[in-house]
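Chain nomenclature is as follows: A, B, C, D and E, assigned in order of appearance, with residue numbering initiated at 1 for each chain independently.
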Amino acid sequence: MMESGFHGCDLDDSLKCKLEESGTQNTHSVMEKAAAWFRSRSIFVVAYGTGCGAIEMPPTFTSRYDAERMGVVGVATPRQADLIILSGYLAYKTLRRVIRTYEQMQKPKYIITLGSCPINGGMYWDSYNTIKKLDDYLPVDVSVVGCMPRPEAVIDGFSLLQKRIKNGEKAGWEKYDENLDFYKKNQKRVLGNHVDPSYETDWYNLENGSEV
Amino acid sequence: MLDFFNSNETIHFIITVGSMLLFTIGLYGIFTQKNLVKVLISFDIMESALFLFFIGLHYNFGLVAPIVDGSDKTFTNMVDPVPQAMILTTIVIGLAVLALGLSFGIEYFRLTGINDISKMNELRD
Amino acid sequence: MNSIFLLLNLLPILFLYQFGGDLHVSLSLTKEFTLSLSQTPLGTFFAYLSLISFLLVTIAQKSKKTSFSYYALQFLLSIAMLAIVLAGDFITFFIGWEIMTWSSYFLISKSSDIDTKSLQKYILFSLASAFSLIAGMVIAYSFANSFDFNVIQNSFHTMPFNIKVALIVLFSLSFFTKAGVIGLHYWVVDTYSKAPDLFSSILSAVMSKMGIYGLFLVYGHLVGYAELKDMFGVILNGTDFGYVLGWIGVITSIIATFKAITQDEVKRLLAYSSIAQLGYIIAVIGMGTSFGVAGAMYHTLIHTIIKLLLFINVAAIVAQTGKNKFSELGGLIYRTPVSFVMLLIGIIALAGMPPLGGFASKFMLYNAAIDSKFALILVGMLFSGAASFLYCYKLVYGIYLGHPTSKDLETQKEVPISYLIPQVILALLLVATGAFPGAFIKVINPILIEFSLNTIPYTSMGVMQSAVGNFNGLFIISAFVVIFVFILLLIWRIKSKAKNNLNRFDISYCGEVPSKNTQLHYGYGFGTDLYRIKFVNAILKRSSSPFYEALATQTKKTAGLLSRMYYGNIHNTMIIILLFFSALYFIGVN
Amino acid sequence: MIFQIILLIMLAYVVGFIYMGLYRNITARIQGRYGPTVYQTFYDSIKLFSKKNSVSYGWMFYLGPVIMATGAVLTLILVPVFSDSDFLRSVTTQGNLFLLLYLMVLGPLGNALAVGTGGNPFGVMGVVRGLTRLIGLELPFYIAVVGLIIASNSSDIVHIIDLQKTTGLNILVHPFLFIAAMISMVGFFGASPFDIPGAPQEVYSGPRTEFSGKFLALLMSQGSIFAFAKLVLIIDLFLGGADSLWMLVIKTFAIFITIIFIGIVYGRYKVEQAVDFLMKIPTLIGVIGLVRIIWFG
Amino acid sequence: MSLGYYFLLPVIFSFLTPYFRKLGTSALRGSSVFLTFILFVQTLEYTGVSLPQISQFSVAPPIGIAFVLDNFSLLFLLIFTFSGFMVSLYMLWYFKANDNTNETRFYVFFNMLLAGSIGMILSCDIFNVYIFFEITGISSYALAAYNKDKLGLEAGIKYLIIGSIASIFIVFAIMLIYLQIGTVNIGLIAQRYSEIDPKIAVLIALMLFIGFGTKAELFPMNFWAPDIYQGSSSHVNGLFSAIVAKSYLFVFFHLFYLFGLNTKYTLLIMSLGAITFLVSEFTALNQKDIKRLFAYSTLGQLGILFMALASNSSDTISGALFHLASHSISKLLIFLVLGILISKFKSTKITIVGDFKSLFLSIVLIIGFLSILGIPPFSGFIGKILILKGFALSHNYIAIAFILLVSIVEAVYFFRLIALMLDKKRTKTSVPVGFVNYIVLSVLAILIVLFGVYPSLLTHYTDLATNALLQPHSYLQFALGVGL
């Protein structure tokens, strides 16, 4: 409870309200639908092995469970990725890199978290350097629970994500765009104001065109 | 006995040997001596040897000095005058060189205190 | 001043144009020597090549503060080169050659970063080249009794075989030195890199071509390719002589290419590249076929254009930024976009890529090798061409792409317009030669006739004809443009919004944010991994400099040894004279 | 004419994507996986095209992939896909084998320019690795091509195809050249053991690190077109070309499957190992073939 | 004007020098300029006259003494009088700008030097040649030491000792000749040289060879030469290089060809010349003293001249004579410029070449350097190419290769100097040149360029001179007094 403030209980009401509103929203045009289908069939993953869940990635993507048959394939750089898998607890230090990686991904982009730590802190619930609820900092699309989830569960998460993409449900990146101030505020609270200078030049500031 | 000494061949032989000995003394001086004055003396000895040699070989018995006094117009019984004229000139030149060399030597000795020609090597590589 | 010399530089062109290709003047120097100018198609080609190059470089000098003496020497140099290429006899040729040597020497000495060692290197190699030439010409004289090219040509076949070989070797050595064949290239790199920036373009583009002109003159005109064939016999479809020269050229170009990749200084890279490109020319010049000559000529033209373009470009950048190393430059693309495009055109041509003129010349070179069935030589040329992509890319990346390595690079402005004008002209020339490769055949054919070789069939401007297939430059370039525009439009229309992320630090960097101090420019380390390849390492770790330095050291030692004789002991001197006399006397008497 | 060319490009696009899909699928099967569908690369491509954002570092970054694609398409239309089509023959005679050799490098150059503009050092490292690898990779291929040109005394591909109707297929006549060319081809397809430029463990994705969205999609599309063109080039040179769609598919697939089988069983060479290897074994094989042609042919 | 005045006038002026000094320094300097001008103009007049010409004194040759001027000696006479004229003009500036306490002494020996060297080339009597040889020698010893400084005196002493050795050889040779033939007339000796007992003939030839070869700075006898050049003043070096060495060279080859020694000794002299060239050019590489450096350069060029003049072929000799003239002019130019620099910087290190700032001096100095290196369009090139052409015509390729290879070594130090001159990093001091020097140096430089671009001016004379040297019939006629 030392760091209860970080859990968003002191969020502005207005922001909270907005977050509540952003629910599901179906796509309408045929093109959009087709695009959504293709997006669901092809997911490039940048697997960020933040915690113990990193060990679950190799079996997920290799011969035993073979995620590639679903069109889910790993890539090395965030530029090409659609999906980032955060596999475990996130220290502040890691969070900074995760945020940066996420912001470098091109929209549409999704986040899947593994395990309970990104949801509520898990066994790190009273750690001084670990965030408790990732959703306050980055919009999580699918959380796969378990400690750690088996590859089957991860694949289940993939198919859930695919289903949601196919249905054109409103995804995390849209929430992130709409409530950027909220997320940034939370991020800054953890990371402090003395974040890397290049944060000023992130997508956050460039949203309305290139002014730098 | 004296006839033997009075023959041209003998006198020429003696002069040749003598002057060459003298020349050798000069050469010896050049090879061994390093004092400038001694070197110049050696040169002079060599020159003198040459003069002796040249004059001596042109002297035959019974000939007189080539002095034309106006009375005798036959020019017979005279020594060939050309070598003598040449030697005279050469002596003068030798003297001039010697004088110049000595004056150089003196000046140089005054400036540096060196009279050994092998130590005059400020100009060198 | 600039405009005066611009006009002055224009004069010889007009003069040459006025005579319309038929200039024959002679002036008696002594009773044996005649200064004569006699215009041949070959000479005319090289004359225009050099004069126009000088004109373009003079334009570029407009915005660079240049002294009168510099201009005057440069003008003298251009006249000397004119004398070389129009010479009708060896005396004129040699006088032009030597005036070229010393006037360029003084021009090089005007550079701010020149040192005595490089100057000495340059002049000694130039003089060695000149002396080799002079040896050749007096030997030729001893048989032909004339320095006139035509007389020597007519009497060449009457000379003894060893004299013929000696002549060819001497002349070749001389001109190889000027062109910078490997082994004789010791001076090239230092000179090119330390000369005044704009003068480097003359050195590389024009002066080295005088060596090529000399080779053409000797092989094609004085000796004659038919005679070369008779002398040395035939291997495969070409001559033995051409085979040897082919290997010389290929080895030159391979070694120089790898050396170029590892350079950090821009102009050193260009210098090595120049050596490499001239290696191609030398590789085909001795083949004695129409395509050999045509390839060499075409590559001469293209290389002149490219090197002028590149050196002027680099000179502009150096003048603008004051930096000349890849490790100090970088990221200039959006500061000096026009320069970037010009350099890009230059390196595309340098790499020999279609659709620019560079490919046309490479094509002719390869055809020459195919024509003579010199397959391994051709493979060597292709190999060196493949390796040259690396230094081409290093050139454009190191200067324009990547990240600026210092703060002042981020605020650079576009280079002055006077630098850009010649570059644009040259770039257009490259595009034109790419689109109309066949047009040059019309220039080459008279030269082939002069060398009594078969002419190359000419069909149309756009088509480059060869023995083993042809290509249509016009088609290629228009297809390229059409497809390019088509794809561009296609990609333009796709809705995916292209964000111009102008902050250069926003790159994928493993989640990290590179700071201003992070080394992001790969200009310095570029090419160092070549050292790990055994074959390349074997080339790179060898150098001609130990040999020449050992030569210099040995010469100095000899000099020291000999100078001990003059140790100022007059007594010993006397004794030596006397002993020498006695020794001679004993030898003489017995 | 334009229609035919567009049709050709479409064909190459489709076949190329299917081959790429097959590549992944077959690789997966060899590895004991189920693998993606053969259309998977097509899905990937469309998905990337439909990305909402694509990061760009300026106009050169924008043009680089376009140049690359242009090079691929130009290569395609200059390779006689159908050896008996008069139209394609007339188009391909506008170019020749040397032109193709250089056009094949134009794409990498455009890519390299864009990568350089992107300013990602990993990208440039990848490019440099690629270009360094190219030194070794081109050598056996050049030897093979030069050998064929000298053997058939023409650099015109149509002529080389026609000649094979009388002398027999080049794969039988000049097997050494074929082996040399095939080893190079493995590298040109970016298959192991010559896939160092984009090694994700070392340099991110190498040259492609900064490409996203439609640029990446364009790169993938041109890659499949280019792969198809290369396959066609190989069958034109060594297998007598193809006069019908079936022949085309069979022959290219044969070459393709060979390349996959070679690629799948090897680990990745370091760049210097790759160049060293390429300069030794395939070059030696090629030189044997070449000497055979010149001195004994 | 009788040829005798060539000797008499300088001697008279030399003796009158103290008197001129009393009239004032300008009279002293002016008298020298006047003298050399008269001699030069007179020589120019001889260029239009049919040669040989003879001036006899009291008795006709072969018994009497006579001066014979043929085309060969005319060339040398032109060089000597011209060089003398230039040096005397230069001295106008020199003694104004520098310490002039030794002025009188200089002019005495300068005029005497002219007398001696001109007498040496005109005299057709071997004993007179010896006398003039000694006059030249004494005046050059004195000129070397005329400042009475330490180095000068050392140079003078060394020169004197060597001169004495040489003169002993020559005297010995003359005596042997007289003993064998009974005459000192060159014409008669030339006619009857073959009658001499071969063993004695060898001895005579060798003695003459050693005597004149020592003075003409041929290789194993030239270890003294750089010391002399280093010790003397720069303008004196100019005289040594342009006049003195050339006059000994004249006598050497005049006798060489007249006595028919060319059949036996060509190879010896050519190889010694080659060694001279090689050794001195190599030795010059390490020099730090500018005067010594150019001394070696002079030795080297004399080596080439020995090679070429001994070669027995008219083409080579003609080229060699051209080269000789060009070398005289160029070396004179260089030494005069060096004189200006040395008097400014009071140093003889080679770095002074890099320290001065004067466009004019740089240009003329570079012209001089390039000319000596044989680079067109300067006169040295024509000389060198003519020599090489001559060797080529006699198919002597070894000599060609040798000259060209060693020339590269020569280029090393010349261009080191030029690089020093062009080095912008050195601090440069401006040097006052002096009005007269502008004229003198530009005349010399213009001549170098003129002979380079219009060599017919000079080749005309060198060809005539070569003919006179190789076909000495008319000379012999005059020397024997037959033509009178």
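Just so it is clear, a contact is a pair of C-beta atoms (placed from the backbone, for glycine too) under 8 Å apart; a residue touches a chain by one contact, two chains touch by 3 or more.
Model, not experiment: these values are computed from the prediction.
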Starting at subunit A, what is the smallest number of hops through touching chains needed to reach subunit B?
2
By that same contact rule, can you tell me which chains touch subunit B and subunit C alike?
E
Most heavily contacting pair of chains is C-D
Per the C-alpha centroid definition, the whole-Å distance linking subunit A and subunit E comes out as 98
Could you put a whole-Å number on the gap between the CA centroids of subunit B and subunit D?
101
What whole-number Å value describes the gap between the mean CA coordinates of subunit B and subunit E?
30
Using mean CA coordinates as chain centres, what's the subunit C-subunit D distance in Å?
34
So which stretches of subunit E touch two or more other chains?
157-158, 161, 165, 226-227, 283, 286-287
Give me the residues of subunit C that touch two or more other chains.
499-502, 506, 508, 510, 563, 566, 568, 570, 572, 574, 578
Subunit D, residues touching no fewer than two other chains:
50-55, 204, 209-210, 213
Once the touch criterion is applied, which pairs of chains come out as touching?
A-C, A-D, B-C, B-E, C-D, C-E
The residues of subunit B that touch subunit C in their complex are 27, 30-31, 34, 39, 117-118, 120-125
So in the complex, the part of subunit C that touches subunit D is made up of which residues?
236, 331, 333-334, 340, 344, 348, 351-354, 359, 362-363, 366-367, 370, 373, 375-376, 378-379, 382-383, 386-387, 389-390, 392-393, 396-397, 400-403, 466-472, 475-476, 479-480, 483-484, 487-488, 491, 494-502, 504, 506-510, 519-522, 526-527, 529-530, 532-536
Touch list for subunit C against partner subunit E, complex
28-33, 91, 94-95, 98-99, 101-102, 105-106, 109-110, 112, 116, 119-120, 123-124, 127-128, 130-132, 134-135, 138-139, 141-142, 555-556, 558-560, 562-563, 565-566, 568, 570, 572-574, 576-578, 580-581, 584-585, 588-589
Which stretch or stretches of subunit C touch subunit A in the complex?
499-503, 505-506, 508, 510-513, 515
Given the complex with subunit E, which residues does subunit B contribute to the contact?
30, 36, 39-40, 43, 46-47, 50, 53-54, 57, 80, 82-83, 86, 89-90, 93, 96-97, 100-101, 104-105, 107-108, 111-112, 117, 120, 122-125
